[in-house]
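Shared between the two complexes below is subunit A, which pairs with subunit B and subunit C, respectively.
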Partner chain A sequence: MATTRTDSSRTAARAVPRTADRPGRRGPRRSSRRGGLHTLVFLLPMLIIFGVFSWFPIGRAILMSFQQTNLVTDPSFVGLENFQTVLADPLLWTAVKNTLYFALLALLFGYPIPLVAALLMSEVRRMKGLFSALAYLPVVVPPVVAVLLWKVFYDPGPEGVFNTLLGHVGLGPYAWLQDADIAMPALVLEATWAAAGGTIIIYLAALTGVDPSLYEAAEIDGAGIWHKIWHITLPQLRGILLITFILQIIGTAQVFLEPFLFTDGGPANSTVTVLLLIYRYAFTNSLGGDYGAATALSLMLAIVLALFSALYFRLTRSWSNS
Partner chain B sequence: MKPSRIIAATAAAAITAAGLAACSESEDDDGITDITVAIDAGLEQGAIDAFNERVAQFEEANPDIDVETQEYTWTATTFTAQLAGGTLPTVFTAPFTDGRGLIERGQIADISALTAELPYAGDFNPNVAAAGSDADGNMWAVPISAYGQGLHYNRTLFEAAGLDPDAPPATWAEIRAAADQIAEATGETGYAMMTNANTGGWILTTMVYALGGRTEVIDGDTATATIDTPEMREAIDMIRQMRWDDDSMGDEFLYDWGTINQDFASGRIGMYVSGGGNYGNLFTQNALDPDDYGLTVLPLEGAESGVLGGGTLAAVSPNADAEQQAAAVEWIDFYYMEKLTVEAAAVADAQALADSGQPVGAPQLPVFDKATYDESLAWVEEYVNVPLDQMTPYTEQIFDQTLLTEPVRATQEVYAVLDPLVQTVLTDEGADVDALLEQAEADAQAAMDAAA
Partner chain C sequence: MSTRQADRGVIAPTDWKRPGVRWSARAAHAALLAALIVIGLGPMLWLAKSAVTPTQDTLRQPLALWPNGLDLANLTEAWTRVEIDKYFFNTVALAAGAWAVQLLVAATAGYALAVLRPRYGKVLSGIVLATLFVPAVVLLVPLYLTVLDPPVLGTSLLNSFWAVWLPAGANAFNVLLMQRFFSNLPREVFEAARVDGAGPYRLFWSIVLPMSRPIIGVVSVFAVIASWKDFLWPMLVLPDPNLQPLSVRLPALQQFVELDVFLAALAISTLIPVALFLVFQRMFLSGAGLGGAIKG
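So, the complex of A and B:
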């Protein structure tokens, strides 16, 4: 500790004379002349927007996680009671397990599929734009419309779209959303379809940045397509792959839309996710909701994801830089 | 700072302050009080026209009140969000089950001094009035309608299955047999059940009541969950038999109130249990063919059996100021209550509805007494356009049935606890009912304790 203090003192001692040498250039006037005030003025709208719509709600949510409030009458501070309530809820662990299951399935299907699709599309010589548009189309469809569409596909009767198709090859009919064992994979399938287009576009953009001379050199050396992908494409996409991986994890950990609109967490809580549980805490009770528990669980989720992200980037730093 | 800048800054501050002050005022400079009133979401144009006609009549009679309509349908989740966000209309509706809780939490305006002045304030059925009153009997919310659960059935599917639509099932065994016959003959769902958004618990509790059971015992301030009872097991057995032995419950097991109405109105469901006054919603929101519709009472079996009843309260937003509260009570009196108590108002309301092709005369339960209710029906007899003949199995028997109020402690939370139980029974043939009931009872008790 003594060493640290000494080092700080030295730093400060070095810093003071430098500013003291030029007294006329200190203060807001100088800042204004150099554009600092202008910068602040131009920043102000964004600071206000972020402050009002992001930072203030986040701060308010943190505060609410220590309060009991129905947002109508005055709140009261309850310490860590909300966190204890959430941690004692047996449904929390069901929700965590379901969320991890969704994340795992989404990773297995949702992560490689866009990559493979982008690689194939990058090899296409003609109508590349058409394929890109088709791939991106599901992203343009409003999510609620997409879910309603897929609900028709998932009709559990023999006349349902998927059951009819599978019936031609002697499979099914399957209950899809009505079966606790396959409801979650069914949600992942739709979520993958809905989100893959955006990732494909990112990969396609990244692929254009790969130096063609690398492929030409590899071809001269007699490399086939798989060798080119393995030794050139994937290493060149490494940075993007790392980012999309963590974005996928964070996105799937916050899955809400599909379980909310398809199944409302059913059947028998088999698709209750952490975010759906937060929603239930806040809104299922028509007499005001437990906003304290909802914000407490939100805060816990945010902390877990932040820690995971930090750990992930620390562990992969060497790989992404190499 | 230059004087011009000081003037500009002062002016801006003054304008802002004036704007903010204006936002908090409900009464304009011209003495008009503005209120927003709830209109059901998703109505057909005819129903909207009829509502707007009533608004125009109200504004004509009350020139100092300006009414804006706001689409609103009570659901547990959206209501909570609107309540917290302060976006409820000035006058909104809520179910009986939430009345006491909203009052105790101060989440609705205290209009008891205004409701006490209503000419019929002392005429309410005491059980009905209690739903909107505090512990001292002060009426914070006005009961505007009441219902008893009923068995809705599709007459066309009954006929297609060789069943007599004029002699609907009178026992639970007959319901099971009819469901089996409908599924077998038509391929449609014989008997469907809501399971989502707390409705699974609502309907399961209805069945338990009909079999003589209860889901709670109240002793003073103490509430005890009674989920694992013989009547509950009988209800679950019945559901399991229809689902797994007869395969008469179709393929959809995640119904909520809206989706089951849709499928029933489109002819995909033979029978289901819901509020007896549901015809209006089925017709105005789901395009029900009136010829398909049939309604009968629930079979009551067992010594303590009764039909679960409920109703709707009209309440006022906690954000309403004194003028708005007074105007809101005027609207409640005009739109919801006068048609029950004043002949001219009843006729005007029925005429506006009938002229726009909206249903008049769907059965309800009286919020005052049966004589008053019968009298109000007689006033509008010539405008009745719902197929009342197809509802006589209900209307001729409902008043002889014992009407039971919904559970009172943590009602919606206990319903939410029962939802996954119903879903499991319907989707898992090997469901461990003992374990499910044990878990549900513990969870229900925890919800009741938390609400105490």
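So, the complex of A and C:
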């Protein structure tokens, strides 16, 4: 019964799309549509969860950044004092500098390598799945496990895994995480290893979307492989390259796990990042958490990041529409 | 993403016939495969090897293959004496609850917004989507204080799994995915069901959900993986070691467990996510995670 009805309504809709559609659409739906009680029942889980754990805390964050809150005494408004405290903290500028350094290194390591790998992989004819699975494997390793495993690799002794490997070519041993100059690049290396697979998959998906007729047209004009990559492939990937760039900036600005677990900000504060500083303000303060300063700094970071994510959404929208 | 485009890439079919092109492409691919095996698989193989190697061998000759034999006792010791079993089941419980809450919120909200379409639906989706722009950092402290003193409940959620389960549901990306999928379902089916007398609950349970298995699968797998990866939030709200998941407990264990048993614990923690990946490979590699990358 139900199937025949579906079929007949579909043929009717096809025959006279507008007029046949209208009465059927408006009529029977009325009862449950347009904000009835049933709709509200379905919306209830979302309204409660988002209300309590998303909308309310967002509002509270803005309020708290202008308050002094420490759970012991009642919160009191202090104007811009929290922002002034944070901006006067000499460690803030170290943290900003370190975070920018992390972001820059992450771009240097993590931006060109996945692109080259994806370009090569897209030409693979057999066992393509094996290539992508291998590239993606590090992404599914739990981040904490990855960091702790790499911490073992970074053993500073001459018998550490990386020092043994480099010893074969006459380099090292390096102190890795204990050396203020190498610690940050060492963190970025692990972070790149853990994230590159995701970027490769995004590029691979984008590469299948490149219209082959563009290549064919270029070949008629006698274009070689490098010419085609430079003048067709890369311009076609322009949108997705910009998106991964922005995603990487947003991600690296919030880096926490690597500096927290590898070095806890050391040696000599060389790996203190903005998020680590927020965490310290709120949760490792011996005088009770300075929640005001922590939210003030989060808010400042969020405004910078919101600009980037707004850009991201604009781009993905125009990119998926085209 | 049509199959036609898989026929060729940058290299022209006529070029593939030239031996020079073919051999250099093959050489490049062999080099890439070797690099991927060393970089992608290598650390995992090393972990698997070291999990069953005595500490002294791992320390003295980290790259040698069992110079003094296997030590399978590491795994059982990690599981029982170090109580990895407890943390493992905590992780499973946290993932299961977070999955259930996420699915409940996303499916009901997606259904209401995409199928029932209330008058205020556009505004509501807007407010939900707007939370995507708010980076997780902003929520860290106020969410923590909300969990300490939640409205209505009157009792702190600290050291309760609910502190992890409930906030996991506030995931705008899930709602967006469900809403998009539901609004692409053929509306004639809904109309037919309504004509047959199905109410909004029947329509949801017997028509929309069964038709939405693919998207439910995607949301489920990503929910479980994300929960398994989570570190900072469970660390903050579950200070009691007996309740902590693997990710939170492992860094603490490192300080008082011998290296071989510790590596065995790391290997055990990696098993489930890697198994999920191998089973649902297609889902991971199809680019479905493209949007999921936003939340890092």
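Criterion: the second predicted complex is superposed on the first by the 248 of 322 C-alpha atoms of A that agree within 3 Å, B and C clash if a C-alpha of one lies under 4 Å from a C-alpha of the other, contacts with A are read in each partner's own complex, and residues count from 1 in each chain.
Keep this in mind: contacts are C-beta pairs under 8 Å (C-beta built on N, C-alpha and C of every residue); 3 or more make two chains touch, one makes a residue touch a chain.
Here the structure is a predicted model, which is why all the values come from computation and not from measurement.
J.: In the superposed arrangement, does A:291 touch subunit B (first), subunit C (second), both or neither?
T.: So A:291 meets both subunit B and subunit C here.
J.: Based on the superposed arrangement, let me know which partner A:119 touches: subunit B (first), subunit C (second), both, or neither?
T.: Second partner only, subunit C.
J.: Determine, for the superposed model, which of the two partners subunit B and subunit C contacts more residues of subunit A.
T.: Touched residues of subunit A are more numerous for C.
J.: Is A:283 touching the first partner subunit B, the second partner subunit C, both, or neither of them?
T.: Both subunit B and subunit C are touched by A:283.
J.: If we overlay the two complexes on their shared chain A, which of subunit B and subunit C does A:50 touch? Say first, second, both or neither.
T.: It touches subunit C, and subunit B stays clear.
J.: Between subunit B (first) and subunit C (second), which does A:266 come into contact with in this model arrangement: first, second, both, or neither?
T.: The first partner, subunit B, only.
J.: What is the contact status of A:175 with respect to subunit B (first) and subunit C (second): first, second, both, or neither?
T.: The answer is first: A:175 touches subunit B but not subunit C.
J.: Please write out, lowest number first, the residues of subunit A touched by both subunit B and subunit C across the two complexes.
T.: Residues 71, 155, 279, 282-283, 289, 291 of subunit A touch both subunit B and subunit C.
J.: Taking the touch rule as given, give the residues of subunit A at its contact with subunit C in the complex, in rising order.
T.: 1-2, 5-6, 9-10, 13, 24-25, 28-29, 32-36, 38-40, 42-46, 49-50, 52-58, 60-61, 64, 69, 71, 117, 119-124, 129-138, 140-146, 148-153, 155, 159-161, 164-165, 193, 197-198, 201-202, 204-205, 207-212, 215-216, 219, 225, 228-229, 232-233, 247, 250-251, 254, 256-257, 261, 275, 278-279, 282-283, 289, 291, 294-295, 298-299, 301-302, 305-306, 309-310, 312-313
J.: Spell out the part of subunit B that touches subunit A in their complex, as residue ranges.
T.: Checking each residue of subunit B against subunit A gives 74, 76-81, 83-85, 94, 98, 101-102, 105-107, 195-198, 250-254, 256, 318, 412-413, 416, 419-420, 423-424, 426-428.
J.: Touching subunit B in the complex: which residues of subunit A?
T.: Per the touch definition, subunit A meets subunit B at residues 70-73, 155-157, 175, 177-180, 263-264, 266-269, 279-280, 282-289, 291.
J.: Hey, which residues of subunit C end up touching subunit A in the complex?
T.: Counting only subunit C, the residues touching subunit A are 1, 4-12, 14-15, 21, 25, 28-29, 32-33, 36-37, 39-41, 43-44, 46-47, 59-63, 101, 104-105, 108-109, 111-113, 116-120, 124, 127-128, 131-146, 148, 150-151, 166-167, 169-170, 172, 175, 187-189, 191-196, 199-201, 204, 225, 228-229, 231-232, 236, 246-248, 250-251, 254, 259, 262-263, 266, 269-270, 273-274, 276-278, 281, 284-287, 289-290, 293-294, 296.
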